[in-house]
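Everything below concerns the one structure shown next.
Chain nomenclature is as follows: A, B, C, D and E, assigned in order of appearance, with residue numbering initiated at 1 for each chain independently.
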Amino acid sequence: APAGAAAPPVRSTVLRAAMDGSGVDTLNPFLAFFNGALETFGMVYPSLNSLDPSGAPGPYLATKWEPSADRLTWTFTIREGLKWSDGKPITAEDAAWTLNLIMTDAVAGTANGSLVSNFEKVTAEGPATLVIKTKAPQASVPYVSHPMSGIPIVPKHVWEPLAKNLKDAKNDVFPLVGYGPWTLTEYKQEQYAKFTANKEFVLGPPKFDNLVLQSFKSGDAAVAALRSGQIDYKAGVNPTQFKALQADPKIAAVRTVGNGWMGLEINHNARTRSGKKIGTGHPALGDPALRKAIALATDKQTLVTKVIDGVGRLGHGYLPPAWPQWFWTPAQPTPYDPAQANRVLDEAGYTKGADGVRTDPKSGRPLAFRFGIHSDDAADAAISGYVVGWMKEIGIKLTIQSLSMTALNSDLAKGDWDLLMDAWTTGPDPTYLLGIQSCGTLPKDDGTGGNTDSFFCDAAFDELFKKQLTTFDQGERAKVIGEMQEILYAANVNQIYYYADGLDVARKDTVTGLTLGKPDADGVYPSQTAFWSYLNAAPATATTAAKAEGSGSGMTWVAGGIALVVVLGGVLVWRRRAGGADRE
Amino acid sequence: MKRSGLWGIGVLAAFALLALTAPLHIGDDQLDVVRVDGPRLAPPSAAYPLGTDLAGRSILHLVIWGSRESLSIGLIATALTVLLGTAVGLLAGHYQGRIGQALMHVTDWFIALPSLPLAISLSAVLGQGAASITIAIAVTSWTATARLVRAQTLAVEARPFIERARALGAGNRQVMLRHVLPNVMPLVLVSSTLTVASAILSEATLTFLGLGDPTSVTWGSMLQTAFSGGAVTAGAWWYLMPPGLAILLVVLGFTLTGRAVEHLLNPRMVQHA
Amino acid sequence: MLEARDLTVVHPARGGRPPARAVDGVNLQVRPGEIVALIGESGCGKSTLARALVGLIPPTSGQVLYQGEPLDPRRMRAFRRRVQLVLQDPGGALNPRQNVFDAVAEGPRLHGEGGGRLRARTGRPPHTEGLPPRDTEDPLPRDNQGLSGREGERRPLRDSESYSLRDSQGFLPRDGQGLSDRDSERRLLGDSERLLGGEGLRERVRGALSKAGLRPPEEFYRRFPHELSGGQQQRVVIAGALALNPSVIVADEPVASLDASVRGEILKLILSLRDELGLSALVVSHDLGLAWNIADRVAVMYLGRIVETGTVEEVLLRPRHPYTRALLSVLPDSPERIVLTGEPPDPTRVPTGCRFHPRCPVRVAGCDTIDLPVLSPADSVACSEVPQ
Amino acid sequence: MSRYLGKKVAAALVSFLVTLVIGFVIFSLMPADPVRTLTRGRPTSEEQLAQIRVQLGLDEPVWYRFLTFAGDTLRGELGFSWQFQQSVSSLVAERLGPTLLLMGAAAVISIALGLWLGVHSGWRHGTLFDKVASGASLTLWSVPTFWLGMILLVLFSGWFPSGGMSDPSLAATGLEHVLDVARHLVLPALTMVLVVFAQYVTVMRASVIDELGSPYLLTARAKGLTDADVRRKHAVPNALLPSVTMIFMHLGTLVTGAITVEAVYSWPGLGYLTYEALKIPDLPLLQGTFIIFSASVILMNLLADLAYRFLDPRVRVQ
Amino acid sequence: MLEVRDLRVAYGGTPAVRGVSFTLEPGRTLGVAGESGCGKSTMALGLLRLLPATAQVSGEVIFKGENLLTARWARLRAVRWSAASVVFQGAMSALNPVRTIGEQLCEPILLHDKTTHKQARQRAAELMESVGLPPERLRGYPHEFSGGQRQRIMIAMALACRPDLIIADEPTTALDVMVQAQIMDLLSGLVRESGIAVIMISHDLSVLAQLCDTLAIMYGGRIVEQGPARELIGDPRHPYTRALAGAFPAIGDPASRRNPMGLAGDPPRGDLGAGCAFAPRCGDAGDACRTGEVVLWPSGPARTAACVRVLEGEVHA
């Protein structure tokens, strides 16, 4: 470890945090999908860019990035003098090698292949210049490699020998050779990851000497650990926990702008790329009036207050508010108006039967829909109760189907569904999320090749999608993206309910400075990434940290001792009584 | 011993009554999240004797309502278990030739399957919901009944009255249905009360692991919601305790009843009473 | 009447042990109206022989003959009506969940006699399998009403005649009234009465119980085995056998588990059944006194073979086989005691030569090598040292 | 003895093979397309999705998958986890230790406690001690394990660590590390012990009561042994015999009891792994843990047979 | 040496033994007979307080000058086996199935004689030889022995501490005639040599007649007749004794040929009222029997019988 190797016994400071609930699937950065893994890579592998608090690309390995005039070539200027943790210099060649590997090797592209699918050629022109040639103009190139959701750059000299059998590369030689604010020194799957600080980190040294991420499967266990001083920080608590911790004077609880949405998808017309109808979706859902009525009858505000206890925002647009540059709100939001919803339906000819369920005049079928929810998602279950109730009010009958994620996705891909609960989070580059609403992601006629999210397919939307890809001016691009969101909003196929706030909690007595940026009027901070949080965090006072820990374990032993004595005493007393009497 | 059996029966009767009469005093408006207007996760008060859940519904109502599904899953699973187990055990015990051997092997194989993982796997495969949980429980617990019935069948068939019946000309069916079954059934019934107990526990566990239907109201799903919803952090003991205690009471009720009946049936135990 | 011819029963090997030759060549005859006692020490194969005789265990070789005809497994049902087994432990021989009535009525019901409840279900008419024509010595009583039949009145009967009080189908009431009356009678009867079965069946059960000495029979109908004393239980078992009007009873240690005082009563009953109904009986026991008490003839068994047979007086008063002598000598009042040393014999390891030679006090050279032939029905003792 | 051993081992192997078939059948019934689930939230193109499908072996026909699966399993290869992108065997191997530790601790404590209580309450059948002991154990038996875990978590999370197996920030080694792990073990082990020991109490108590009327106890008493000696030297060894089988069988189920406890306390063992696998569901992983659990139950049953064989002179082969 | 006065035992209120008194001198043998359930075992076990806790015992058992019913448990334990040992019915289950014969034989020796293990082994080996079993088999388990051998081991065990009294509760009941003869020969030989007093229980009068000096016949929890063995069997005074004796015919006796003798009726159960307990089954019971007090009256030299007819001086055929 670089820190404090020669120094006399100065007590080193440790930041103890709960690992992202998803955990680390694998430490192989080419294969990993889980957020816990991405979070870790962000700390131990460098990327070309970083993200500033507004979500825009900032300098990291690259100090400058410029598109060429034809907008097909990007030139990144790579910082010089940086060294991997094993002392070898970091050069443009490392980045070029990493990106090329992902472009050319199918296995290497498992996780991030789609980010570079438009790349023609990546070359290192000298140690400080990286040139990326794209097939078509691509505005999002500066978003391709950034901490968290972008591509981490790996040291070529370490990975080159592994590239032949990348699938089996577990990347488990510690300390991991990398570069970042931290160095991974120890890792036990599903238990913890230990890091030491890289005090020479180019974007500023971490204030803690060590970082420990501990895995908790249950949120309550993590919170209990936080309360008892086992850990200092946990990102991502649920609203109930948040409210409870807000009331705790020892705990700092902050809200950050949400980077995802929770919403409803409607199978309005499942079909293949060639337009062949597939699946068992209810035909009436193809009617925009019906979808509009569903939107009108949904009381999103109630969902915000009841399901997430008010810690979130009402949803409209398709992209979450975490990325203000793309955030869009409709000029005329659809209100909650069940009466109007009923009117709309009446007008469209959906007549109510004796049982209160309307009938589709075209197919003659009642408006009875399957409503798929994720069985492992508490919010889905909670929301579904409300939605069923509201839809009943307007003569629509929903039958909840609680399905495992896999089953749900498999139904979705086959078009065997009517309504689904859905949720997405996204990084700063909206391309992918927008992409899955384009016609190109519909399945082929043989059922394969699909990656659509709701079978949405709209020519105008696709046109704009292509346009935003090549719009290099951020403002311009935002406008195009706004138009796309408008189309989606009007179609009512993806009905966004809310954007839940990110909820982070930390111990006041041990850690400060975790949050980045300034809160808005509601006290909500900008979206946070682990990269900045752990980099900014500073020990509150080293001594309190030590004390809290010491007293915790001391108490434990006292309590354990007392319990033991009580048990033993009880046992002895019983023994006396049982065996003492000299009779049979 | 007898007194505890009475307690058990009392508890069961109380829960059965609650479950059966629940629709009479709990209306849709008290369970439908859209219509209730209680405070979110409020501690017990006069209006809500056991507090409210995350949607503002009365925990008391939920617990009462939950008894319906929890009990019926337990009972149906047990009925399936007893049916399957008794049939297999009886046949395996009676036909000690190849059929019996084969049946016993099947039973042994199933016994070697760990019940919870099997149930988990089964309900993961069958899909979420009460039906698959019920099936999973039945599939994993019939072996115990089959073993018991087989052992009892062997014991009964070794007794002279079977030989007498055979000497009188009784065939396999007569021996099995008229002589063995009546002598085996009391024990099966006793063991089935214990099966209900563990079926209810299994239901809660499977639901807790996320294999149940999260929108239905059962004790298991209440606990699951409480657990995933952060009730522990919020210190919402009123949300955590009632469903757990309800499970405990019902399971204990079945267990005590079963043991009391067993006590009555097993003269050897009575001798020492 | 009932006869074993060169009967051998081998119990298959079990748990790594060699097969047990429990019965190893037995010739034994039970003649009409005769009580034969089968005597031998524990494990010599008495019970196995008894079970083979009633067809519960298939013989490994040899034959069981009933009225001169070999037992046919396909006609077992009919045979079962004629030859009945009474077991040692009456408590165990009664299903604890059957009351006395059902226990006694089980046989008739199974054979579709009297009640017809079960037969109606299985849909099998009675006695279709029939039996070989009876010889004139068949001592079946015609009167099922009780103990009034006397020897002189015995005459051969055909099955359909054996109950004059009902028709062979058992559906019609005995007084020949029409079905409708029968139905109304049924309606009048309580539910449980109806369950008890038809009139004919009740007659039969009543008769059997009173023949077995349980009087008045009605008082016992509803009792369960645990509400009876051991002697009463044994009587119920015997009644169950009598309810089918058997011609032979095979009783496996019928009094071994009963108290000394009760023992005499049951033996009296067996004796009276023979005297009054003309039943033949094979009584299995290890008790020589029992043979003296009731039997006409004795067969002494040792390790799967009969070693000596003859009338009671011959065998018990003038024993010839050294084993019989030893058995008699250890009785309390005998003048000299010949206590055999060594362990009881083991049918899984039958010694060569005379099977008794390892324990035989009068053993001579050759006893241990020369196999003795199976005792033929004509001979009475199997010992090379004793002249026939 | 060796022939018996051979027979039993063979039977266990057959059981295991059947388990493989059952396991495979169950898991191949499932609509198995986890690819979208796995890549959820990540930008993935359709080509990549197809590529991952091939990687996961989802394109093969069922029979081929079974043969591969059975062959691999017998070689100790349990397949490739969808979500962890690594071999199930290595995942299982990593988790086996913690699970064995938790189970071992829970088993030792609950067996000791359960047998002790069982012997004494059976021996003093009907006394206050018996009533308290059997009442308490019955009540605890009726408690859902995970619920008890939650309750203990609420009550004791301030005293004992609420999750994980060790405190990574301590960087403890040697004895300190052992103590640290022990501290983390307290709550999960306690939860399991409390729920499980009742079974041993019940089994042992019933066994002892069964033995109470035995004439050999009367003989022992007539010999002038003290009550405690009669119990210790005569009743317990006999009562243990029928219990041994049950104890081992329960040990087999203890493995599975670990699932909820590990989930509640984030104990990094096999149960936790199962819980993880359940979410997707990650079928190869579920299948792998299922097989491991089954194998352990089969092993326990085999041990039960052998232990019984060894302990009871009546069936011990000369 | 042993004097029992008015021993009464009740199981949870139901009397099983209703006042039994007798004395036993050193070296003498007392036989106790009676039908099943009449209280023989209860009486015998009551002497050493070996009954379950549900049994209430009263009366006096004076053994070598000490009342065992009131002695402290520690004292009683010291008496057990070292001074009075027991041979139980069905040695099959009276031996602990999971411990070797040697361990079980040595156990009382180690406990009472405070010897070394080696000495105890030695003594056990001697005992095995004395009952005709090879000492090597001390390492065997009970199931490896036949029923007769096990019963012999039980006898050897009973002799282990050289007691003054052996209580044998149906020691041969489950055994075959021939094995029974072997055991009886062994037992009588040992008793004769060592001069141990024996209480022997059986329901088979003929077995008792062989071994015992005195017989006591029990009916319904009481002794109904007592006297020297030969006389009692040859000339029973109580109708119950007569029935019992008749149940075991003498072979060759023409009176019993084709004429089994029995006793109608059921054994007494539950509470017995006043009068003679046997009256309901007695062929010639009169009113005096049903209501009057019936106690043991002298019926001959050293004989007593509890029958009014004895008192009336009637002589039974």
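Here are a few things to note about the model shown:
The rule is simple: contacts are C-beta pairs under 8 Å (C-beta built on N, C-alpha and C of every residue); 3 or more make two chains touch, one makes a residue touch a chain.
All of these numbers come straight from a predicted model, not from anything done at the bench.
Note on connectivity: the fewest chain-to-chain touch steps from chain A to chain C number 2. Between chain B and chain E, the least number of touch steps comes to 2. The pair with more inter-chain C-beta contacts, choosing from C-E and B-C, is C-E.
Most remote from chain C, judged by the distance between CA-atom centroids, is A.
A straight line joining the Cα centres of chain A and chain D is 35 Å long.
Taking each chain's centre as the mean of its C-alpha atoms, chain A lies 87 Å from chain E. Rounded to whole angstrom units, the spacing between the C-alpha centres of chain B and chain D is 21. In this assembly, the C-alpha centroid of chain D lies 53 Å from the C-alpha centroid of chain E. For chain D, the set of residues touching two or more other chains reads 30, 150, 153-154, 221, 263-264, 275, 279, 281.
Residue positions 218, 220, 224, 376, 404, 407, 583-584 of chain A each touch two or more of the other chains. Listing the residues of chain D that touch chain E in their complex gives 214-216, 218-226, 233-234, 237-238, 241, 311-314, 318.
Only residues 14, 16, 23, 25-26, 28, 31-35, 106-107, 109-115, 117, 149, 167, 170, 186, 188-192, 194, 210, 212, 214-218, 220-222, 224-225, 227-228, 230, 376, 404-407, 409-410, 412-413, 424-426, 431-432, 435, 441, 448-451, 549, 552-553, 555-556, 559-560, 574, 577-579, 583-584 of chain A touch chain D when the two sit together in their complex. Only residues 218-220, 223-224, 237-241, 243-245, 306, 309, 373, 375-376, 378, 380-382, 384-386, 388-390, 400, 402-404, 407 of chain A touch chain B when the two sit together in their complex. Listed in rising order, the residues of chain B touching chain C in the complex are 159-161, 163-170, 174, 178-179, 182-183. Taken in their complex, chain D has these residues touching chain A: 30-34, 36-52, 55, 83-86, 91, 94-95, 120, 124, 127, 129, 150, 153-154, 156-169, 171, 183, 186, 221, 227-228, 230, 263-266, 268, 272-273, 275-276, 279-281.
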